[in-house]
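Chain nomenclature is as follows: A, B, C and D, assigned in order of appearance, with residue numbering initiated at 1 for each chain independently.
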Amino acid sequence: MTKGVKIVTIGGGSSYTPELMEGFIKRYDELPIREIWLVDIEAGREKLEIVGTMAQRMWDASPYDVKIHMTLDRREALKDADFVTTQFRVGLLNARVKDERIPFSYGMLGQETNGAGGMFKAFRTIPIILQIVEDMKELCPNAWLVNFTNPSGMVTEAVVRYGKWDRVMGLCNVPVMATMTEPKALGVEKEDLIYKFAGLNHFHWHKVADDKGNDITHKVIDAMFDKDAGLPKNIHDIPFYRDQLEQMGMIPCGYHRYYYREEEMLTHGLEEYNGIGTRAQQVKETEAELFELYKDPNLDHKPEQLQKRGGAYYSDAACETIAAIYGNKDTQIVVSTKNNGAVPDLPADCVVEVTAYVGAQGARNVAFGELPTAERGWLQVMKAMELLTIEAAVTGDYGTALQAFTINPLIRSGDTAIKIMNELFIAHKKHLPQFAETIARL
Amino acid sequence: MTKGVKIVTIGGGSSYTPELMEGFIKRYDELPIREIWLVDIEAGREKLEIVGTMAQRMWDASPYDVKIHMTLDRREALKDADFVTTQFRVGLLNARVKDERIPFSYGMLGQETNGAGGMFKAFRTIPIILQIVEDMKELCPNAWLVNFTNPSGMVTEAVVRYGKWDRVMGLCNVPVMATMTEPKALGVEKEDLIYKFAGLNHFHWHKVADDKGNDITHKVIDAMFDKDAGLPKNIHDIPFYRDQLEQMGMIPCGYHRYYYREEEMLTHGLEEYNGIGTRAQQVKETEAELFELYKDPNLDHKPEQLQKRGGAYYSDAACETIAAIYGNKDTQIVVSTKNNGAVPDLPADCVVEVTAYVGAQGARNVAFGELPTAERGWLQVMKAMELLTIEAAVTGDYGTALQAFTINPLIRSGDTAIKIMNELFIAHKKHLPQFAETIARL
Amino acid sequence: MTKGVKIVTIGGGSSYTPELMEGFIKRYDELPIREIWLVDIEAGREKLEIVGTMAQRMWDASPYDVKIHMTLDRREALKDADFVTTQFRVGLLNARVKDERIPFSYGMLGQETNGAGGMFKAFRTIPIILQIVEDMKELCPNAWLVNFTNPSGMVTEAVVRYGKWDRVMGLCNVPVMATMTEPKALGVEKEDLIYKFAGLNHFHWHKVADDKGNDITHKVIDAMFDKDAGLPKNIHDIPFYRDQLEQMGMIPCGYHRYYYREEEMLTHGLEEYNGIGTRAQQVKETEAELFELYKDPNLDHKPEQLQKRGGAYYSDAACETIAAIYGNKDTQIVVSTKNNGAVPDLPADCVVEVTAYVGAQGARNVAFGELPTAERGWLQVMKAMELLTIEAAVTGDYGTALQAFTINPLIRSGDTAIKIMNELFIAHKKHLPQFAETIARL
Amino acid sequence: MTKGVKIVTIGGGSSYTPELMEGFIKRYDELPIREIWLVDIEAGREKLEIVGTMAQRMWDASPYDVKIHMTLDRREALKDADFVTTQFRVGLLNARVKDERIPFSYGMLGQETNGAGGMFKAFRTIPIILQIVEDMKELCPNAWLVNFTNPSGMVTEAVVRYGKWDRVMGLCNVPVMATMTEPKALGVEKEDLIYKFAGLNHFHWHKVADDKGNDITHKVIDAMFDKDAGLPKNIHDIPFYRDQLEQMGMIPCGYHRYYYREEEMLTHGLEEYNGIGTRAQQVKETEAELFELYKDPNLDHKPEQLQKRGGAYYSDAACETIAAIYGNKDTQIVVSTKNNGAVPDLPADCVVEVTAYVGAQGARNVAFGELPTAERGWLQVMKAMELLTIEAAVTGDYGTALQAFTINPLIRSGDTAIKIMNELFIAHKKHLPQFAETIARL
């Protein structure tokens, strides 16, 4: 890192890239980047060019001299990288459209991160991330892998468990949103609150205390039932049950709506499915607009419209994590990382999402302590679902995939579930070589 | 016990009682009973008289001199008891009809043992069983409590955890059925097979080996897809997915159909709900017929028709357990009992259902070892659901009940679930004094 | 096994062999042996011949037609074996003499089973047992390995953990002794008592109940302070502290004297060391006498003098285990076997010594439940010591051996311990090829 | 705390108090103290006056207006306190002299913090700290208890487990010493290193990384064998075994010398015992000198000689902890606190000593992850020893005390240990009312 930092972004042609650039530009003083490599695949060549050129314009408009490299050659890019960020999407948004629409076509939630859709996203993604890790072992063995590709927690677990690579952190903007919006709802500054998160990606809870150390989680709950709680754009806003939140004494994450209000989330999803299109279809439109904007040779900063994309605070999570590692900053960030006991209800060697102090050694997780009964039970079944999904992604075993489907709380077992699963296998055939035999049989 | 054994049966007016008598008569040589007290409540007085008289006829037709006492005074009966069996049903079958029909009226499974219905049965039953335990501490502190009242596992856990009473065993005929029918399906004798069960009541799995020690679970699976697997009468016969069973390498219990084939079990249940009536309604008819038979002053043995009731092998489980304790027989029985590590995926101090050698000290559980990932995760969330249900039954806390409902795999969270729960609270108001405040608010 | 059972005994030239033969003859009806192969090494050829001839005479004097084969070719013997018993002693008794005398020469206990001596016995034995397992995988993959070689628990753990061989049971006569002598002390029959053991080999505790299920451990404790508690001949008889036993509510095993009365055991050991010789030296004399007896062509039964050897009830443990597996007898035996949760204070996958029902599938461990605080802590450090010892035996790492030495409760850390360890390395050089580099450096 | 912070120091007459004052004066800007109450007992009245007057002089020489109150009335002092620090010594140094000398008189280590001596210190201290906690519940329920009294870990565990008081932190200067001296040994600044500690008080290990995140524990080990490793003055300087440190890949704490070099520590201790006196006797002399100095009406700052006392960096640990809580500073401090999973090898609800970020909510422990085998085993037996010692301190049960003695690695079991224990009971009779019956019997 002597002459500045080399960043490699896999899936560099993503519409998110300008947000990432903005985050890096803002932090240049503490994270002196030398070069950024945006990597994509042949199918994404055009987008890569658009967004890469846009990214270069952003840097050129900044006081800093940073070179953007665009390439389809991942190995060329990885050579001597300091940080590798992953935001690739196997099968692009079209694959996510299938992840969502096929379950809905049978009246079931797809949920593209930890429902049926997310599980197939894991099946497509995990073999690729493991290839990336193998490349990294050879080409940049000291680099950190900062993953944003969903399902972020499962991808991180796969990297640790099957890739045997510990220098990885999984990120998500959901916890960032909570820590941005809750203080506003309470009329205080973020710095006035003490946060503690624990759970899994898109399945965590948190507690809040004031700067005197008093637990004020209940005040946040009160405020949630008065005001907007700052949900990510991609989550339908439906309230939790107040009795339930008071019983648990914690605040669930936005995605927990799928679990605590499954019925309403399904109803809403089906409305969109039958109307304006599922979230992925909406995002496709937004993306198309974004790329039109990015083509504008005069645009040299992140456009407002990116907010609608659902990735708000993405840069904060990703760039801050990289800056914190690089500068050994000990910043509090909520990350997916090896448990080490922080969530004692799960094995010490699995991946969890927790508040951590992030520095040169990676994440120093804050030990959360044992969860209450309901959350413990649900967490344990969700981790089992994740582990089975990852195992199926690696082995290509149909029975294992079926087991994962069956214990997933968002999926009702039975023939419809089987049909959904089988149809998803066939729809994603091209990206699931490990399941080739199974798919041939279907 | 010097002058023969004193048995007390709470809920003695049940139609099951003749089956129990048959079991005792068969085992008189090893279990020399002096007197049997059948206890019931005012509402059950007539049935108690019918079945008690019938029971006395059964003994009179036997070579043994055993006196049947019928009483509505539980404390009188409990004095100096050696064994107390519990088969009472708070609110009688009518309550179970509500447990089943209210959920179905909203298109959801009630499942009277560990679904929504079973949870309300727990709410009604647990306060009573804890009163019984308090009486036993005073009146028969050396007696054993042998529980058959469902949800048998939760009731046993409540006795151990909140009643602080360890001399208890929870029974169920489901494992007995498996060990009776599977050998037949394989064309061997029961004695030729080695069984190992682990899990929770109505939520356990088992493995089978031949008498050379070779695991032949897969052969049983093969046979299950050829022949009738010997389901209890109260479980609709729909096959498991073979891929799934092969992945787990174990055989689920019959009730697992609700979890592995939720959709089909719901469809079937709704058909019955809209047609011949739910299981409870069918049982009511069967019971009415049975009591007509029992009235016959010439009937002095268990009638064939009792088979239809769904309690086949009931006597085997209950009487054998009592005989095994009394005679320190070290008989292999599957019981609900304190874990002690037998299922290492659950805390050592909770109640599990496992193969045990039953003798004078109660159950010596066979250590099963760690379960595979899917079963571990599901078991952990089910135990959490049980613990929350029991806690709500004891504290009367609405939020806790809601948490239990939410994590129950058979219940889809959301407003319909809330409506079902609230309607059940109101329907069972009379038997849920601990929830009086909640119900008043609804 | 169609034409009778083939038994292979490695270390067949041991003076114990006649005891084993007696056990087999007694059980011939249930364990129809066809042939017995006694295997030994070149250095043991003479003893093998004496004892093998004696063994054949024993069978010839019985009604059964069993052929004793004597061989130095282990692989020839193992071919198609049904049961392999191991009672070999790497370096023979002379090695044990060193194990004991070198520590004593520095004023420290050697303790040949889980002290410094036992650790070096593990270093010598584990590589050989792992070779035997490799042979078994090839030559008799369905055979059971029944190990008697000390340290029996560590050897069994090595077979399971590093040999990846689960069809193994580790045996010891210490628990047998307890269950033989305690009933006598209480004036009852063995069948009148219910036993439950848990811990590690030579480091376990047990509880006793009467046939009504009442815990009478305290009565056994009372009796221990009145009468002889039936110690194995190789353990010096010094009483435990009664206050301590009452606090734990359990009975320690005889070897626990080394832990609960370390000072007195050391004093006694030093007396023997400076006087009549250490236990190994005494045993050598006994053995010499035994072999003289065995040479007598008229001797065709186990001589009385074998009792003095310290292996009383050896045949009961070994032959009964084999008969129980062969006949799927479900006999209660205390064995070293994979935990599976039976001792929940230790990992489910490590080897423990517990009460088990032994049948065709091997051991079905009785779940003991959590131990009290003191025993839990001590058990955990002892298992850590065992694991480190085994790891050092496999890797040959000096630092790992030093760690095992340091945490062993019988060893006082410091330069004397280092000297003892180094001197033992040098003394056993010939049998410790895995430590060759270390020894060269010393 | 509106008008400044109220600090109460129990054991205020200690020679350490000026160090504490210095720490507070240095941090006045961030910790605006209003008043300090020094509490002591009648027997310490004179010392309290000397040191209290000296403390007032120190503040008077500072720019700040802080009033020192001296009192023998603990309850008066505790009223509305913000922070309570405890540094009292039941029985004063004379008791520690007995803790050390009685074991040495039998040739055994006393070790005044977690050996036989420390256990008796726990017996004397725990009843008092629990009384203090009861007073705090009534008089200052929002205050934090910052404990320095040894055995600091056991005292903290007693406060949490039996006092049911979570607002407590146990402190020790040993980790501070390591983080002060190791950077010097490496020629770097403290800020350049990343530390992670885990274990128990006086029984922990740590790892060190550089500011790039590279583990450099081995470099510190190298340096330890070159240079002085910065031991506290009260620990004899004898090197660890390098092979052992390399195997564990961690650095033990200074007190670990008693465990890794027991023999040499005993030899050295006996030399002092027979020569210049045990550590307590030396401290007594130092203390006498210190109090002579403190009497000097011109002395208004901490004298150099206090260094010799062994409490160097005491102020850093205590005052920094208080300032970090008060100011919600999130400072990295090594504290004894509830585990919460940070050391997954121990129960989540016991007290451990770990790196934590300390702020308004107390300690946010860094999850350390599982320890290697040797350290795990030893930690588990030491925690068991602590729990038994605390239990005996609360119940006064002799058998429990004996169990704690027996499993303590520094104590050789047997009659000498019994004699030592009994003699210590008698010697400390006055301060052990809970053991009155036992002592009467001895």
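By our rule, a contact is a pair of C-beta atoms (placed from the backbone, for glycine too) under 8 Å apart; a residue touches a chain by one contact, two chains touch by 3 or more.
Being a predicted model, the structure only gives us computed values, none of them experimental.
Asker: Could you compare the number of C-beta pairs in contact for C-D with that for B-C and name the larger?
Answerer: If we tally the C-beta pairs in contact for C-D and B-C, the bigger total goes to C-D.
Asker: If you average the CA atoms of chain A and of chain C, how many Å lie between those two points?
Answerer: Chain centroid spacing, chain A to chain C, equals 55 Å.
Asker: Taking each chain's centre as the mean of its CA atoms, how far is chain B from chain C in angstrom?
Answerer: Centre-to-centre distance between chain B and chain C: 44 Å.
Asker: Multi-chain contacts in chain B: which residues touch at least two other chains?
Answerer: none
Asker: Of all possible chain pairs, which ones touch?
Answerer: A-B, A-D, B-C, C-D
Asker: Flag every residue of chain D that touches chain A in the complex, lowest number first.
Answerer: On the chain D side, the touching residues are 194, 196, 209-213, 325, 328, 338-344, 348-349, 355, 357, 359-362, 364-370.
Asker: Sort out for me which residues of chain B touch chain A in the complex.
Answerer: Against chain A, the touching part of chain B is residues 241, 243-244, 246-248, 259-265, 373-374, 376-378, 380-385, 387-388, 391, 397-400, 402-404, 406-407, 409, 412-418.
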